[in-house]
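Both complexes below contain subunit A, partnered by subunit B and then by subunit C.
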Partner chain A sequence: MQAAFLIHRALRGLLVLWLVHLMTFMLIRLVPGDPAEVIAGEQATPEAVDQIRESLGLTEPLPVQYWNALRGVLTGDLGESLFSGLAVTRLLLDAVPPSLSIALGALAFAVMAGVLLGAIAGLTRGRIVDRCVSALAGLGIAMPSFWVGMMLVTIFSITLNWLPATSYAPLARGTGEWASHIVLPAIALGTTVAAEIARHTRGGVIDVMEKPFIRAARARGATGAQLVLRHVLRNTAIPVITVIGLSGGTLLGGTVVVETVFGISGLGNLAISSVLSRDYPVIQGYVLLTALIVVVINLTVDILYGVVNPKVRKR
Partner chain B sequence: MTQSQQHPPAVAAVEAPALVSRRSTLRTPLRQGTAVAALVYLLLVLVIAVLAPWIAPHDPAAQDLSNGFAPLSGEHLLGTDRYGRDVLSQILSATRVALVSPLIAVGIAVLVGIPAGLLAGMRGGRTDSALSALADTLLSVPAIVFALAIVAVLGQGLTNAMLAVGIVLSPTLFRVVRGATMVVCEETFILSARAIGSGSVRIMLRNVLPNIAAPVLVQVTLLMAISLLAEAALSFLGLGMQPPAVSWGSMLRAAYESQFDAPWAVVAPGVAIVLTVLSFNTLGDALRDALSGGDSND
Partner chain C sequence: MTEPTAASSAEAGTAAEATAAREAASSPEATAAPEAPDTVLEVRDLTVDLRGAAVQPGLVREVSFRVRRGGATALIGESGCGKTMTAMSLLGLLPREVRVSGGSAVLEGTDLLGLSPRQLARARGRRIGAVFQEPMSTLDPTMTVGDQIGESRRIHLRESRSAARVRARELLELVGIPNAAARLRAYPHELSGGMQQRVGIAAAIACDPPLLIADEPTTALDVTIQAEILDLLRELRREQDLAVLLVTHDLGVVADFCDEVVVMYAGGVAETAGTDELFGTPRHPYTSALIASVPTGAEPFSRLTSLPGRVPAAGSFPAGCRFAARCPFATDDCTRTDVYHDLATEPTRCLRVVRGEITPEAAA
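Moving on to the complex of A and B:
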């Protein structure tokens, strides 16, 4: 049964990817007026406009354009940037490491802070600690990630001078160097997700604590850390995994603003600069890559459900 | 219903059994207190938005280049920016944008999401499958990413940015309306309305719409918060509000650009955004509790 379920989900993911590709393909053709003229700008010579039209393949009939685009995607060719002339696939892949670093850092921070705070709140339900954590979570959801980032820079980089304010250091320059550039962006990016995870962990812990098997475990003498780790947290994993899965999109979207704050040249920065310069092939490739990542994350989450909860497997 | 849409309800189902026993007598008044505070704050923002030109201590656009980055003082309660413009006056006059721009986005989400959701929920079948697949697709890409792509096509500027945000938020509202409509359509009074010969449009307007108003109202309130955050993000990126006009998001952009000269200038506009977003969220949660009769997780 599980295999059938996963195949169904995978096919659905492919359908979504195809629709996203179709949408990004249509998007550039929906540009009011002549897209080539819009891209070239007002002072462009007719030759320059023609050249852009040619390089975008806009001179071909629409079905041919679509067929070429689809064939390109399937062979990993997303066209060339209108400005640098570099392959879009290359540009995107080069931008992945910094974005992946801060997204994974953000996820690690969010899971640690969220599960810890959420579990504490759930176990001290109704008391002052719980109230503080819940208020903090509400605040975390309301704060724009780029603002959190700027506040962190003001406090930790400019005032205290503890951590660098800008740029990214590749792993090749040493783990410490890399980590010191990742910490602040990761916290800025992960705050919202941490708040979501805290809320769901709290709710999950409260639910589980009222279940008969917890009373049974207590009756058998399970106490303190053992009770929480073995019985409570394990059973709150499902809602938490769901939130983590849904946060993949939040984190990817968040990199756009957080990378700007910290001057990191990752996917988000690439996206912004291509929007500002109307580099459509890069934008199309970026949207498609984002959709691909989200679809893969969702599939992974579906598989994880089965690993964590044997009941799901038999569905 | 498609598989991917089942996860959030599945979580709700896991949490549902404990709902009744978890209600506490102490929490309810406290919650009402914060909801009232949120409402009072939002009304205050509304009043400020209307009266901004008269209550701002200075002209928000008046430059005084010799007095740039002035610290907090009696004359300038929140200091001045790079060009010597009064920060408090800027924040007060930007309250209009902070209310109007989310209204544009939410308005578009309402215009697109509600009719589509009603149609999918009442018709079911192929119509539902097609619209749901479209919604799934839009939701599979992070909202800000799709908004960027749309802004790339429409061009920069606040109106275009909020148009993009509205399109991106439509699927969220669509799902809420579709789900609620499906539940309502199972009710006997819909059957009896059909039996007495009411047409689909009449049933939609007279019977379905009033009965899905509660979840829609909750969702709209929460979308106001999301839209304000989106406006701030897009203006911060330079794709929304264009200078010399200011929004809280574009003020943060200016603060970012002069962060090493005036590191604390990021505080005030950010606090304004956080308080407003928090108020919309609190109000939305309180509405949900009040309208659904039970309380949610906290």
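Moving on to the complex of A and C:
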């Protein structure tokens, strides 16, 4: 993979981050009227409004405000929560581990289940196995994650009592403990994405199986696992990776719902509570962090393209 | 079948032999006595049908031919006449809806058509190599050239990756690719079309199979590259004793490269002949029409000769001779007789030529 290509993509990612920051910065300043009054709400005393105006630095001229905000971002200072007075950076960092655990767990589940089921369906095209998998995938896309989560809790926590129904256990309390709290929310969150990956993998496998190079590989004697692993999946990976990359944002957004169902205080909960309490600095920080994660995912996808597709990888 | 002057007594002899071969070939490892000792592949009465259809269209019907060691036999005919299907049935790579329903294809003593799918997979790449039409799409874009050439050696000879790579390098040199060591690590898209086809050939012959099936190997290439690829195949025939079954619709390639020709029409064999005889004295009206339709360039501004009508679609083949509808010599007898069956031992499936009523070259 050409280094210049990656640097180019990274710079574009930075540009996106800067634009997102600019937009979140402008957001409260473009609100009609005095942003401090809007934030404080209708029943606020003039003193409270002044305090908000002061703490947000709204008394300074706009360019100075922007410069301060930008400098803050670069030094990791995103301001303080209007509600709790805690540093936004701190709040976000505390909320990241549970959400990231769930999102990555969901991604791992979605990729494994989706690729496996999709490949099986594609290879048994038109037969009963394929029909079952396709029906399952349709169901997976149709089922909302909160409902899947509730069903999983009912079955595995309440009826079978195998896994905890709520809360999050940090890694420090042991991998097993951590994993047992992650499994159900991850599956609930990953089901839709798994179904989507399965559909695309199925389509990709069917597509690749028709390609002349598969016939040529079979003419060389490749069969069964040799054919599937060496030729079919490698070529199917290219479109599927795109889908996986696109699902990154879906998974992050989905944590909002799943965290609520499982009573986990992660990024999703933080986002909801800060929106409800008009905690603008926290909302800004959340949006910026989400944008950062999406940019990183896209960059990873670009790197993976180079790994699986030699046409992208140039010497 | 190469003795067109054979009288009826000799005819009976070949028919009996064919039956014997068919019976013997019904057990997978059966050895059928080849007609000539240097025959690598002997195909007899190959029939391909639609799986599970009540009325069989007869996609390929009673096709017989042979390929000699180091020789080249051409399967020619218009698109859709069953030549590729004939070739793919030897490899066991027919579409799912289609199956071989009769006949034998004896490759060095083994009837390919009697093998289980697993046994046939073991023969592919090991005992029969195959190259295809579009070299670019025939090579896996995600795999290096070296790995693709070495693949059959790793599968069949259980060679290690490094051992296969050593052999792959030799093969690249054999097929005339300069700077072989560096090319091993190249991906298909980094090579030109001609180079890609050379790689395809190297991959096909990696395990030294006695037979190479080449399905339109030069059709997608420039004329100059075509000639180079044919030269390479000729060299492999001479030096490796490789036998080639060439599927093509290009009469020029046939004249240049092959020593025997099987002219196919609508799923059946119209005529089988040596290349020189075929072009000199065609024994089927379809053959002479094909030859006549090749632009000669002798007379500028003259109209090109074409054969009116089209090949009937599979499933709507007429009874009797399938060429009758387009044949200027057809009589009522032609549509009444089952030429494919009745004339199975003749070098031509034209009833009127067999009866001595017409000589088709007059039409050309």
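By definition in this document, the second predicted complex is superposed on the first by the 300 of 315 C-alpha atoms of A that agree within 3 Å, B and C clash if a C-alpha of one lies under 4 Å from a C-alpha of the other, contacts with A are read in each partner's own complex, and residues count from 1 in each chain.
Heads up, the rule we're going with is that contacts are C-beta pairs under 8 Å (C-beta built on N, C-alpha and C of every residue); 3 or more make two chains touch, one makes a residue touch a chain.
Keep in mind that what you see is a predicted model, and the values were worked out from it rather than measured.
Novice: So, on subunit A, is it clash or fit between subunit B and subunit C?
Specialist: Subunit B/subunit C on subunit A - fit side by side.
Novice: Decide which partner touches more residues of subunit A, taking subunit B and subunit C as the two options.
Specialist: B
Novice: Name the contact category of A:143: first (subunit B only), second (subunit C only), both, or neither.
Specialist: In the superposition, A:143 touches subunit B alone.
Novice: Applying the touch criterion given at the start, work out whether A:175 contacts subunit B, subunit C, both or neither, answering first, second, both or neither.
Specialist: It touches nothing on subunit B or subunit C.
Novice: Tell me the contact category for A:217 with respect to subunit B and subunit C: first, second, both or neither.
Specialist: In the superposition, A:217 touches subunit C alone.
Novice: Is A:75 in contact with subunit B, with subunit C, with both, or with neither (first, second, both, neither)?
Specialist: It touches nothing on subunit B or subunit C.
Novice: After the superposition on A, what does A:231 contact: first (subunit B), second (subunit C), both or neither?
Specialist: second
Novice: From the CA centre of subunit A, what is the angle out to the CA centres of subunit B and subunit C, nearest 10°?
Specialist: With subunit A as the vertex, the angle is 80 degrees.
Novice: Minimum CA distance, subunit B versus subunit C, superposed model, integer angstrom?
Specialist: 11
Novice: List the residues on subunit B that touch subunit A in their complex, please.
Specialist: So the residues of subunit B touching subunit A come out as 2-4, 7-8, 10-11, 14-15, 17-18, 21-22, 24, 26-27, 133-134, 136-137, 140-146, 148-154, 156, 225, 229, 232-233, 236-239, 252, 255-256, 259-260, 263-264, 266-267, 270, 273-274, 277-278, 281-282, 297-298.
Novice: Which subunit C residues qualify as touching subunit A in the complex?
Specialist: Those residues of subunit C that touch subunit A are 91, 93, 118, 121-126, 128-130, 132-134, 137-143, 151-152, 155-156, 187, 189, 200, 203-204, 206.
Novice: Using the touch definition up top, name the residues of subunit A that touch subunit B in the complex.
Specialist: The touching residues are 5, 8-9, 12, 15-16, 19-20, 23-24, 27-28, 30-32, 126, 134, 138-139, 141-144, 146-147, 150-151, 153-154, 158-159, 165, 199-200, 202-204, 206-207, 210, 238-239, 242, 245-246, 249-250, 252-254, 256-257, 260-261, 271-272, 274-276, 278, 280, 283-284, 286-287, 290-291, 294-295, 298.
Novice: Write out the stretch or stretches of subunit A touching subunit C in their complex.
Specialist: Residue list for subunit A touching subunit C: 211-213, 215-223, 226, 230-231, 234-235, 308-311.
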